[in-house]
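Since the structure comes first, as structure tokens, the remarks are kept for the end.
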Amino acid sequence: MLFRSERNEVSDSHTFMSAPDERGHFGDFGGRFVPEALMPACLELETAFIDAWRDPSFTTEYRQVLREFAGRPTPVTPLDRLSEQLGIRIFAKREDLAHTGSHKINNVVGQTLLTKRMGKHRVIAETGAGQHGVATATASARLGLECTVYMGEIDTERQALNVFRMELLGATVVPVTSGSRTLKDAVNEAMREWVTCVDDTHYCLGSVMGPHPFPWMVREMQSIIGIEAAQQLKDLGVENLDMVVACVGGGSNAAGVFAGFANAPTRLVGIEAAGGSAVGKGSPGVLHGMKSLLMQDEFGQIEEAYSISAGLDYPGIGPEHAYLARSGRAEYFAIGDSDVIHALQVLSLSEGIIPALETAHAVAWLLQEAGKEIPLGSTVLLNLSGRGDKDVAQVREILRGQR
Amino acid sequence: MKSLETHLRALRSTGRKALVPYFVAGLTPDWIQHVEAAVHAGADAVEIGIPFSDPMMDGVVIQGAALRALEAGTTLDSLCAQLLTLSTSVPLIAMTYYNIFHHYGLERSTGKLQSSGVSGAIVPDLPPEEASDWMKASASRDIANIFMVAPSTPPERLGRLARLSEGFCYASARMAVTGKSSESGQGRRVVESIRAVSDIPTYIGIGISTPNQAREACEVSDGVIVGSALVQVILNGGGADDVENFVTSFRRSID
Amino acid sequence: MLFRSERNEVSDSHTFMSAPDERGHFGDFGGRFVPEALMPACLELETAFIDAWRDPSFTTEYRQVLREFAGRPTPVTPLDRLSEQLGIRIFAKREDLAHTGSHKINNVVGQTLLTKRMGKHRVIAETGAGQHGVATATASARLGLECTVYMGEIDTERQALNVFRMELLGATVVPVTSGSRTLKDAVNEAMREWVTCVDDTHYCLGSVMGPHPFPWMVREMQSIIGIEAAQQLKDLGVENLDMVVACVGGGSNAAGVFAGFANAPTRLVGIEAAGGSAVGKGSPGVLHGMKSLLMQDEFGQIEEAYSISAGLDYPGIGPEHAYLARSGRAEYFAIGDSDVIHALQVLSLSEGIIPALETAHAVAWLLQEAGKEIPLGSTVLLNLSGRGDKDVAQVREILRGQR
Amino acid sequence: MKSLETHLRALRSTGRKALVPYFVAGLTPDWIQHVEAAVHAGADAVEIGIPFSDPMMDGVVIQGAALRALEAGTTLDSLCAQLLTLSTSVPLIAMTYYNIFHHYGLERSTGKLQSSGVSGAIVPDLPPEEASDWMKASASRDIANIFMVAPSTPPERLGRLARLSEGFCYASARMAVTGKSSESGQGRRVVESIRAVSDIPTYIGIGISTPNQAREACEVSDGVIVGSALVQVILNGGGADDVENFVTSFRRSID
């Protein structure tokens, strides 16, 4: 765990990915921009998280559930055939093998345990494609918590099977009909709903975004990825990792894996979808309780993201990423939809791993930049954030359309 | 003391309960006439909702209205220009989300508001912890910062919010976003808690949708804010007459 | 590994699940009933397997690939809420968390490594629902082997997404139009095809069936399940396991988990689909190269199985299971389609794990027999052979139909 | 020596090449007439295919024919009853998969075959390693066991198969299941290997579909087996006349 008992101004101490300041700032970003009605819940959550994260009985249970239920540690797989093709040495951290098929489970296991510890018996969550929703429904079922998931109406139609999956797990899925009827609006709606039920309900946010303490807490709960990977690479005899590459929607899988290498001489690279590129096309702004980089028009209206992958279909990015980008510690690049399908095919064919479309963005960047941004001979860790099973129907349609 | 607060304290000292209707700027081409009709019917101040794409504190009615206003091309610039055409002179209070001002620039925003006749601002997603830049920018422009107090606000926080509030203190009647509600809510308790620590005028809002609810609220508060119910009238196609009738019915009920 | 350097008559030594006799017999069952054209290939395979399985460099690589690529060890999860409901203590061995979503990967990792070792560059396989096909395509992609999968035409239509998944992984899927156009005929066709290409092609059979050495070899390659589970239960403080329960199609996941407990005082229970119940409704016969228990009519024509779950839709059972059943060492029960959906729902709701329909047969039996065949207070290991993601569309249709 | 082998050796000593057509029993109601027509046209022995649900060694033609025969209700009992009506007397050789006999009972099966006039059996999925029970049961019924040798059979195995074979030894021309083939195959090599270890009559089958291929095969072998090509004629709706013409053309070609 990366918990620091003393929370410093990150920029002062010159260590990266330690705790934010008392108000949840990572440099100029972060904070807590929520209606007064939610402030007490955020403060309560902050206290509860700090307390739990320091409590060995909590962290022990958290790690035990990750191990016995969620399948951690996930392996690090050397991608031999792709490495040979590209002239760089690639290892993949296999979050696709975690229960429910992505890194999302790490976070929800932690947050649902925290929900119980806070004496609440219900969680709400937002979801885009449904990965975080399925993960939340899963962790809730395990603990017998009630669970309601907000999902843009368009997404409930596109991802009808994931809706059914959540229902099988006992969750109620509420289609959100406001705004663009996708992820951004699902977050709005979950926040609105949370106002009405903060007493007995925890909002189980799905990425390193939202008001403090969410970005910090979710990063901490995902840091297990990077901590494991650093050790596993050592065990595999890799002494100097040149680069870590991860896709970025809100940024939780990236933050989790970066956390293991933030203070090592390793380049940290986040890959956004070109149509949801908050670092590349965004500017500072305030949305969903945080100050961060956002895609917005000249009057500060938030723009709708568009990406082939629902999980990257978000106009913002977690505030710590905004800070890492502006401080230069991490770099962010964008990949367009057209390169993503090809990357998914290449990884499937060469390594026998069908990645999620989100993850395929990071793969596409490796294919594109090997020998350019990534010097030949480099050693690279790819965070394989999820499996592509949820996406194959969509990919099939797209490839059919191309013929 | 900012001029809005001076004005509203003076109003209170006359014994009159403040009626503050809420409009979504740019919702219809004649929205300025709606504002004028409300003033004509007895509004003491008007909330000017500046539409935002992602109104986290608003229910479906105001969300829908904001979306329509945005689709009609409403911007901070356009609505401020329209405010200059207003023929009435009650206090105007801007209500919007922080990103609008943040993106436009804080100095630039407060300057714009002031020059458009706005003397107060409610920014529901800007808590005092994050408000210092905004408060600095608004100080030199005589824009009063109105904070909301929620039923969930604990005592220590409540004191701080009440003390920081300028103009009036916004007592949220319920744990909910804007929109109709039939229950009477916790406005009374919130107002009493504010009164215990501050003598600032205190208005109840969130879920006041009938004249009866308004009257009940005014038994304890210094005024009421009426939002979604009025916006609904306009969404239903109501014109200035309907606005006038609507506001009149509330006015009668609280006088 | 359960490899015994001396292969004994099983019944002589009174140990169970050791190696079969020289001709591949488990008691009265097993053997090698194949056309002469395939005999040399079966003999070559037997030699190659024995040689490889004794070679530490092979078993080390096999275990390394299982660890680094396939995600082993899979965890053992205590099913606390279900245990409380039923009054028995249930642990689940989580094969659903293995790469590609079921235990099938264990076998194909071994067989594809063996293919390379034999100097062959191509594999063929049969598949029903597509799990074994996807697993074979996966392991083949990883090694750059050519891969052709035979699949009944009806199954290619029912499981179009799995066909596409295999294609993404570089495999060629051949629809089989003969006979009942399902799994049984896919096996026939794969065998027919193998005759034409034994020189450079390995037939990667998907369960503990077929001619010697397949039943033995596949069981050995799946025994990792039971070996891991026995150790993990010890680590969890479980000293006396009363019962192991697994679903049985061909019987590979059951054989794999039984192997860890065959010579312990633990009841071994296999659950067949009522419509594919070779032990319950079958009689001795010869099919697909083996003597075993088969569902057949009075003239020895093989009956078509019918099950809601494609993976159990097989009229036979592996010969070692026939032996274990006849010797009394293991017991076999059958569960009808109507109980399966309910069991899938119960496990999803109470534990946050959506099982495969195959696996749900074993769950249904636990629900039905807790307090009856399974005395209250018993400690039971459920082999959670696969995840239900492949089945949710079908389950949704069925539940809709019921409303 | 079983009587089938005595008969076939005697045939060979006359210099005549053996022509063995294959029929799927029960494929059509008049299949017995087809057999008779073939004999009339010069068949020296006939293979009687007993249909099985899962014919692992057969290509699409014979698979389809077997399925049709089964759907028509063909059983071991029914076809044996029909064999008794045959008006000709060439040797009959049963060909089927082991499960048919295993399930019917080995003693019972061989008894049934013998009493129906069958004097040989080809069971392609019964290798010598598993054949001892069957060989015991067939010994007392004068049923000759015919083993197949494949192009892939290594020398040691080949010797054993050739020695065990009774009646004749079946040289498989190619690594494939039954069905048409245009290439000439490896029959010549297989026959030569068998000849090197045994003097049993040796016939080539698997993929012999034209009179030319048959003639070529008989340059080295003692006879040919013609299966799928003939079954296809019947599947196409051909009657006894067509069978007679078909067999005649093969007879002419190898004489």
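Chains: A, B, C and D, in written order; residue numbering restarts at 1 for each.
Basically, contacts are C-beta pairs under 8 Å (C-beta built on N, C-alpha and C of every residue); 3 or more make two chains touch, one makes a residue touch a chain.
Values in this document were obtained by computation on a predicted structure and should not be read as measured data.
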item: Other chains in touch with both chain C and chain D; value: none
item: Of all other chains, the one whose Cα centre sits farthest from chain C; value: B
item: Rounded Å distance between chain A and chain D, as computed from the means of their C-alpha atoms; value: 67
item: Whole-Å separation of chain centres (CA-atom averages), chain A against chain B; value: 37
item: Residues of chain C that touch chain A when the two form their complex; value: 67-69, 71, 74-78, 81, 94, 96-99, 101, 137-142, 144, 161, 164-165, 168-170, 344-345, 348-354, 389, 392-393, 395-396
item: Footprint of chain A on chain B - complex, ascending; value: 52-60, 63-64, 67, 70, 75-77, 97-104, 124-127, 129-130, 147-154, 157, 161, 172, 175-177
item: Complex contact set, residues of chain C against chain D; value: 23, 31-37, 39-41, 178-179, 184-185, 188, 191-192, 195-199, 283-289, 291, 294, 296, 298-302
